[in-house]
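Lettered A, B, C and D in written order, each chain numbered from 1.
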């Protein structure tokens, strides 16, 4: 490994290919991602952890707009903060600030990122204005598409997905401020979202995906929801990349090895797969920048 | 710290009280848990990570039967494996086994625990037999209570909760085999579970909880769902214990400090709270054994 | 797993034996430790991490006095704090205290443990009084034995080792306050400690150890020094227990699997071995209490 | 954050500056490193973890040759592998290979990097040929400089340091194959290396460093040795960067916060400092590439 001034992200990653440990894993992730983006795969992307508050929003929405994500599975929180970013901005704060002081000041903390109470008030006003009403049963995906259409912000993940016809699955939608607002809305408006409505939609996509790849950020319910849908089909993922801070030994799903998913039939035994252990706010931008550089060089 | 033969769990933990690092945190967790169990608190318990496959099932169901959990918030997977344990047993396996070999043998791996395909087939038969049918909209909690009533196993978490009238909230119910089975069932039977149906129920409990405590295992959607429900009430948690392998710095909720939740108003600035970093399969039994010993000594 | 009031540490651990993840690993560690203590093994114990400041001192010194450690390999810091504990006490502090405030107050922090500047002044006085002087070349082990003889505290690790004839190897002795004091002392007194003087002594012990076991706390130089000495002999460790918070993937020695040491020839391919991932201030007391209880029941 | 094809490492890092979590920490590390390299600081660099086997060797030796490291503090293992890389190459292997199979094949594993037994045999031959002999007491630093002069490889860290007059401190030199070879050599040749010989040299450098910065890779004895030397002077570090996978809560030095070192007086209360949690094989190249790009743009 030899470092020079002005190296681009891909040159850096190519050097990592001959290295050990995390560097090698990251380089392999870029190789797999390049394959996923350049060949004909149905591309899944799952998003957990506070990636939008941390500033990863534009990466995701650009990938959607550029046709590089076919299915997004997300936590509710990332979508909440996607909406908030449309009218306000998360502020960098102090991870060691007094939390009772912040409470008095009306500031909520996400590690070193701050969100103001007034942002949540504005969020409530917006949601109550754009939540769709209707008596007939709808799915969470339909609800999110309806919201996306009303969000006037090109950089929004919800908007980008709505524009691009990319479905967003949110298996724990009630577990978010969107869920809270939907519940409030429903006190006075008809709204009927089916708890199991999205299972079929995702399973159908998996059935139709003769070749598929998945990028898993942070694990959680989004990871499980995508893998479980594939499980009930004859297919399995051919390419898989996982960026996580968790480790396998405590047995939780977020840290589970991709190999473990092979035993379940979720990922193909012949799949190319790699887990990069570390902070996705570093590894995701580096992986995306490097893969895009390669695609651009290919022309 | 002085170790002798025959020390009971509580003697061990009391010695840890004067120690630093994790030992001190665990000792403080027991102090808080003793307070939570011996005084008049509404007791929340959130469960993420593969705690049931790992063998923690009886601890949870006993706590429920003994009136030591008032509200359980769980991942779907733990409830699925709770049902499986009612008719079969998870088998200890090899975390380094060949996963493609396991697939061929029809075995799914959860780190070092094995579940057989036949268990999932039996699970399907059972679920299809006990899922409730009905045209009117129900909540996830009602669905789980209906399942619990049909499970003929005293040690089952679902059954214990059903018997004890303890609600089980599962914010990502569709993200589990229960969700998959419910979706299959619905192809041929009426079943209408409301995606936001449980928000109100949990918020109401939080409103009514003038004093409350929470034990958080592993974070995830269960942690967020419980804290978020408290957020929209004038109350906040007075006692909080978190057992997690995650850490705060990568910004994810599962590793977020309890102090961070104070900035949101989810936990009281005056709350007693502690995070024990480590494997909950070790720390939970030790904490529970120690707290129960203290309660028993009090008589 | 079923938890009852009054369970002793070993009953708790025996229940963990049928569990998965960390619980299973801890139970296996106790099984191996019971074997190590009850059969004829040369018993190595390596100590890294601030175990003495955290309160683990008496566990170690009791194990030495009771003949359960034959060779101790330690960081210098643990020995420094062993001496300090002989005349003062580490104080429990606040891990989030202002460190510049602590500096002004003359307090040094080790996570949540405080040590006062006056303790280090007293430490200097003591060391300058008990460091051995002499022109001929000595080993680090001899230096530490000389110090141990002068420490008037039954609970001291150095004293216990000196009394019991247990050698203490400290591969980075200069990297500690003992090293600093020795260097000061040498400005005015003859003292000649050989940087490689202890290699032979440890290798000889390894040569003589037809059956051997090792408990590794925290990794670091002590782990490597013990394993490397075994490497150059025809022998290898037959039993190995590792308690660490590190993980294998970043490639550092402290998190390296015990299996990796098999490839080097440091640990036997037939060895019984287990790593327990987690905080040793919890797992070490639990393991020792459980193993001693078993030995006591055997009579 | 907006990712485009062809972004250079520094553009990527500058985008991270407005992000949260690890990305922000990495961006701050580059800011501090830019300051450290462009202004007049005495620059310390401590190296733990298997960084040389992982491929970081050329980064370190180039930094030394370019005058960007004034003092290197290293584990012995990194120096051993530096010598091995001079005549052979570490091979990328399989972290899940059978370790007993590797043993039979004469291959030693460092996570996913392989070293052959024949490399260690050749290493032995080389060392026995270049170890300096002499009756008078020398320091470890002098020994390493003597070795460096004999290594015929421009990319070697030892050679680069020897050429550039940069001292290499190795506080646990006996805890390495160099230590083993020195011990063997001494059976038949005069060699007298002083265990405390390097304390004074490093303390003197600290005394003379009116402004100083430190880059800490992986913690361990090298971190402690550098910080401890500063401790006994009236000075303290003005800039500090730590790349580590450890975390503060278990209390070990490798994961200890830099702030903690302020309480000891090792780092100045006014210092700029940041810890980047994660795999240094990713974060170090990215940090160095970005900082060098900035220096190059400045001209």
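Everything below uses one rule, namely that a residue touches a chain if its C-beta (ideal position, glycine included) is under 8 Å from a C-beta of that chain, and two chains touch if they have at least 3 such contacts.
As the structure is a computational prediction, the values presented were derived from the model and not from experiment.
The set of chains touching chain B and also touching chain C is given as A, D.
The chain pair with more C-beta contacts between its two chains, of A-D and B-D, is A-D. The centroid of the Cα atoms in chain A and the matching centroid in chain B are 25 Å apart. If you average the Cα atoms of chain A and of chain D, the two centres end up 36 Å apart. Centre-to-centre separation of chain B and chain D, using mean CA positions: 44 Å. Counting partners per residue, chain B has 20-22, 50, 53-54, 110-113, 247, 249-251, 277, 279-281 as the residues that reach two or more other chains. For chain D in complex with chain B, the residues that touch the partner chain are 20-22, 25, 96, 247, 249-251, 277.
Per the touch definition, chain D reaches chain C in the complex via residues 48-50, 53-54, 75, 77, 95, 97, 99-100, 102-103, 107-113, 137, 140, 171-177, 179-180, 182-183, 186, 191-200, 203, 218, 220-221, 224-225, 228, 232, 245-256, 259-265, 269, 279-281. The touching residues of chain D, when paired with chain A in their complex, are 1-9, 12, 15-16, 18-24, 26, 50, 53-59, 62, 90, 92, 110-113, 277-279, 281-283, 285-286, 288-289, 292-293, 295-297.
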